[in-house]
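Each chain carries a letter (A, B, C and D) given by its place in the written order, and its residues are counted from 1.
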Amino acid sequence: MMTSSGPIRRVALLTSGGDAPGLNAVIRAFVKTARLEFGWDVYGVEDGFEGLIGKPKIRPLDLSDVRGLLPMGGTILGSTNKGHFSSFEIVEGRRVHDPAALNAVCETVRKLRIDGLVVLGGEGSQAIALDLYENGVPTVGVPKTIDNDLGGTDMTFGFHTALWVATDAIDRLHSTAASHDRVMVLEVMGRHAGWIALYAGIGGGADVILIPEIPFTFEAVADKILEREAHGTEFSIIVVAEGATPAGGTAVYQSEHEKRLGGIGQSVAEEVQRRTGKETRVVVLGHLQRGGSPTPSDRVLATRFGVAAAKAIAERKFGQMVALRCGQLTTVPLREVAGIVRGVPVDSDLISTARALGISMGDERG
Amino acid sequence: MMTSSGPIRRVALLTSGGDAPGLNAVIRAFVKTARLEFGWDVYGVEDGFEGLIGKPKIRPLDLSDVRGLLPMGGTILGSTNKGHFSSFEIVEGRRVHDPAALNAVCETVRKLRIDGLVVLGGEGSQAIALDLYENGVPTVGVPKTIDNDLGGTDMTFGFHTALWVATDAIDRLHSTAASHDRVMVLEVMGRHAGWIALYAGIGGGADVILIPEIPFTFEAVADKILEREAHGTEFSIIVVAEGATPAGGTAVYQSEHEKRLGGIGQSVAEEVQRRTGKETRVVVLGHLQRGGSPTPSDRVLATRFGVAAAKAIAERKFGQMVALRCGQLTTVPLREVAGIVRGVPVDSDLISTARALGISMGDERG
Amino acid sequence: MMTSSGPIRRVALLTSGGDAPGLNAVIRAFVKTARLEFGWDVYGVEDGFEGLIGKPKIRPLDLSDVRGLLPMGGTILGSTNKGHFSSFEIVEGRRVHDPAALNAVCETVRKLRIDGLVVLGGEGSQAIALDLYENGVPTVGVPKTIDNDLGGTDMTFGFHTALWVATDAIDRLHSTAASHDRVMVLEVMGRHAGWIALYAGIGGGADVILIPEIPFTFEAVADKILEREAHGTEFSIIVVAEGATPAGGTAVYQSEHEKRLGGIGQSVAEEVQRRTGKETRVVVLGHLQRGGSPTPSDRVLATRFGVAAAKAIAERKFGQMVALRCGQLTTVPLREVAGIVRGVPVDSDLISTARALGISMGDERG
Amino acid sequence: MMTSSGPIRRVALLTSGGDAPGLNAVIRAFVKTARLEFGWDVYGVEDGFEGLIGKPKIRPLDLSDVRGLLPMGGTILGSTNKGHFSSFEIVEGRRVHDPAALNAVCETVRKLRIDGLVVLGGEGSQAIALDLYENGVPTVGVPKTIDNDLGGTDMTFGFHTALWVATDAIDRLHSTAASHDRVMVLEVMGRHAGWIALYAGIGGGADVILIPEIPFTFEAVADKILEREAHGTEFSIIVVAEGATPAGGTAVYQSEHEKRLGGIGQSVAEEVQRRTGKETRVVVLGHLQRGGSPTPSDRVLATRFGVAAAKAIAERKFGQMVALRCGQLTTVPLREVAGIVRGVPVDSDLISTARALGISMGDERG
């Protein structure tokens, strides 16, 4: 196996899937640690796993290449959520990727004599990293998702930045809602988990929060608006995760094209307007949540992960993903996290906190 | 005429049309000046002109009512862009409003013995203020539009805040665009004038800026994207004002309902993707531009206008609107500004600045 | 004992010590939960414990009193870090407060028939809360310190906001430092613990971070600056916690008056300039770190604490403090946290992360 | 004369004096215009005029060198406010600089065959540019000062960014001041002019604003604090420009060393505390006002100036400075602006606006 050979000399890293604020901070921290602490040669792979298929798209990374990266959004390595690994089969509950593509990556890693490959990506990318590891590639995972829905780690970088953008949006919508006696609907990211919607909703003072973990009814949402009106408050704010689903319905976020024709945010707005007669407007935050300079917490977490990835390679913890658990850095086996989505537990105090404040989660409990 | 009678004792103000950051700062400054400097009784009218039709919706405003208002978005008086004056006829180039509604307002003002009525609003609201003035109501106008497109004044409050939000959005989209080799389209406000798009596009480093004042072609837009690609830059940022119109086409922003089905931003995204083959995404900023705490410049301008409105009443400059001209506060006759939209002059150095930087305005000049 | 009597009907809360962003969010969440979920009467105590000595300074708090408080900095109840409890004796390692003042508070609580008293404060205030509890007052503590240095809880609200301000300051100083080849010293809060300095230093890309937990030498600091210069980097950023202390020296932050004459930040600046010959400037952030709207995370944490405090009263968990442990809300006995300061553990990965990046902690390890 | 020769082929630019947000945006716009529109070779001079004395410190600047500069604070060319031109004599009201240094610069410009030299700097730097021009160097000035106090132009870039930082600081201090019944003193930049203090004070809702243009008395300041207390408001905010001076006193800002021992901000705090008995705290913003990403308005203005400077060279408007007058770009003779400081006119509506709101300017008018 590649992963069992001699001293570490050359390492590489790649960023996979949608971009997230903090990727560049991870790259910077990894390169600094790899160079200053371990003296390895470091290579950056461009365009995610695609850069390791066919003619390699790699470039050496030294200290001068990562100067100034800490506060920068995006990834200097480029990324893609398309390509050879974008489709897969599910066999016995596990994702099985295109064997030819896997072989191609293994072959490239072998040829380039890479002793450690860091994969920055979400649950799908970590599943690929696992497959590669089981085919002999010495991978180390770094969790990445602004949705904060990855298994094995308590927190992912990018989440706080997305939360900042979403909460700022609610703050802004409040003035207009209150001035015009309107209902404002804000659709935020979160296909499989409602972390952003729940945190931003509580932090921004929303009246209704709809998340994928709790099926909602339009009736309950409209009732809340009308209840507020009955108490003399003419405006309301609804925060809805893109993956929120009406009870008995199915998630509506599938494609970009359909999205343009209106996601769940718009459905909620239309139904609320129809049922309450109140003027209702929708704002879809979309890509604004992904971009920009990471918040201080995200920069720190990304930096810790970057350093930890280098140390994991030094300790030959291949097939593992770095993670934050109870405030401590640790590693978890890729096997335990690949393809796993971590939703908001329904017994989370965050949800009971929301309910105690009178926020409706769109279900029968109001 | 109401406007010629004795000493000023009671004044009122109302906010009309869409909300803008800074309205509360105007209210605060007006009330402070009216109370501290002139000792008048001040009344706030709720829900714009509607609050003066039928049973008056007014409340006294004293210093304690305006404490803390300076940094707050929205308007504590409420506003509406619907109601008795939302439709009008054009007679000899001038708007003619519902005479019954006008009479109702005049009657209320007379009964309440209001010696000065401040109207915070856009060109439409100033046209109503003019009509009222000509019917004997002692009105003073305060210009209000985040679009910065009002005649008679060099600048309106709310514009800098909208500019801030739009530029921040471009900054955020840059990271994603560059990381994913995408074209990002940002649709900003500006039905009749491209001030926000032009300033934000220059300030955010856009590659294409489309404004109502310059008809564009999809071909020119696509050409710019492809030209950048030919020079090795795989991503581009397009900023489009909601009122931008393809040459030979018509503006597409009419209704909220249609807007949901996609405004000009989406059309541009679809055409660019079709013509260039590049992955393209659109973000519609919408109501985010209206809300939130005003920027320092907007707070200062709003405060100056609020003080100036009180002084204009004291000097009986009725039928006038306060304005900023070359950095100086002044007043202009409502007759000269009512219903007038101030677009970006096509010979503005802002446009030639954009072109000098290589920004395409979507026309044949690239 | 007061704490063992019948059903809960009347509760009160007070804010003690320096203000922190999020206090108002706690008040809002507590009042909402107490009113909506439990139907209690709620009273706000003004000016901390002082409001319970002599003639009570209290006022009822209902839903309308807490509207709009979520994003507001400061505390509507007022606070003080002076008064009857500002001095104490240490007896057998525990603080002993003025018995007359304690009795006065007990007496007031008894007279007002308060069935639960929430104390928002730092370690000193929790020590008072403990003393009161042991004298029969049914207290529940809510941890409050922007320094994040309270025992028993993983995180306190206000910390993220202070971190934001400090990191933003470093970002700003970077441009000037780099443009002018200067050393910039930023003094941040943290008398007993270096959390703000460490997080902000890592998040802002500092070159030297000095914290109370690690005694530093001016020599090591100057060496780092000169080492950077030798490698061609002419500027450096130093972040120093106000409680950082030279090896063998003593902390210099004691009084406001002395502070004006220059705290540790200025000493560092002077020594660095003297030893390296480089132009050095110092900025003391001071009160800027305490104020302003709390960040989204701080608003959420404060809200969770506010709800948890109400639930703790309902469950009669008196003599306890609400806390966050491993992402879960819980309570800890006041006895375990009163007067306890939680510094950065010297084996924390945050410190090894900083060192791996080449950041000097000012000690012999560089 | 150098300035009269043939076609323009090579141009250079330098940044002089303290850095200001927007310098990099000017550099970017100038390089883009010079390359794309005119096809000139462009050189950047390092460390201001010093880079043209002795061995030239210059480097070619092409489009790739200015990518990403728009939102970046500072100056990639470096700057200094020390060196050969830091001292001068005043002869007949004009500054006379070291002839040897002037000759050295002329010589370098001649040898490098530079056909146009852009000088980004304040009034002092423009005086040097004028001297150089009169010695045959084809200079074009670009105004630069965050203080907004340059003659000949209505606005300078960097001012809005400084204003943003200062107003944000006041917003933050408000929460603490109100929570603790304190007086907070904020010292902002402005040695010769009170633009920042006046705008930030109005925009942040200060109670007292002290500027160099209006000598103040400690008595008037203390009276205002006491008057507020008499009306039941226990806290106050004072904004003081570093150049504000007590009536009959002299400005106290001279040296950095003295500054550390306390500038005017501290004097005000001490006198207010002494005279009113109220707890008073001071924050000196200092270098925070200079750094960070420029605001959108500053980016746009800097960009317009950069383009205009290139166009001024193309039109051979040497010995001129680009300027903004009534919203229009223009040029003014260096002779009219060199060494001129533009203070706030005492009859400015900004000052009467402040007074109308009840803000004290620290003079006998309260």
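Assume a residue touches a chain if its C-beta (ideal position, glycine included) is under 8 Å from a C-beta of that chain, and two chains touch if they have at least 3 such contacts.
All figures in this text were calculated on a predicted structure; none of them were measured in a lab.
Both chain C and chain D are touched by which chains?
none
Let me have the rounded angstrom distance from the C-alpha centre of chain A over to the C-alpha centre of chain C, please.
Averaging C-alpha atoms per chain gives centres 31 Å apart.
Quick one: report the Å distance separating chain A from chain B, using the average Cα coordinate of each chain.
36
I'd like to verify one number: the distance from the centre of chain B to the centre of chain C, where each centre is the average of its C-alpha atoms, in whole angstrom.
That pair's centroid distance is 43 Å.
Send over the residues of chain B in touch with two or more other chains.
Expected reply: 171.
How would one label the connectivity among the chains shown: line, ring, star, complete, or other?
ring
State the interface residues of chain B toward chain A in the complex, per the touch definition above.
Within the complex, chain B touches chain A at residues 15, 18-19, 21, 23, 72-75, 78-80, 165, 168-169, 171-176, 178-181, 184, 256, 260-262, 266, 281-284, 286-288, 290-292.
Would you mind writing out the residues of chain B in touch with chain D in their complex?
Touch list, chain B to chain D: 29, 32-33, 36-37, 70-71, 154, 160, 163-164, 166-167, 171, 199-200, 202-205, 295-297, 299-300, 303-304, 307-308, 310-311, 325-329, 349-350, 352-353, 356-358.
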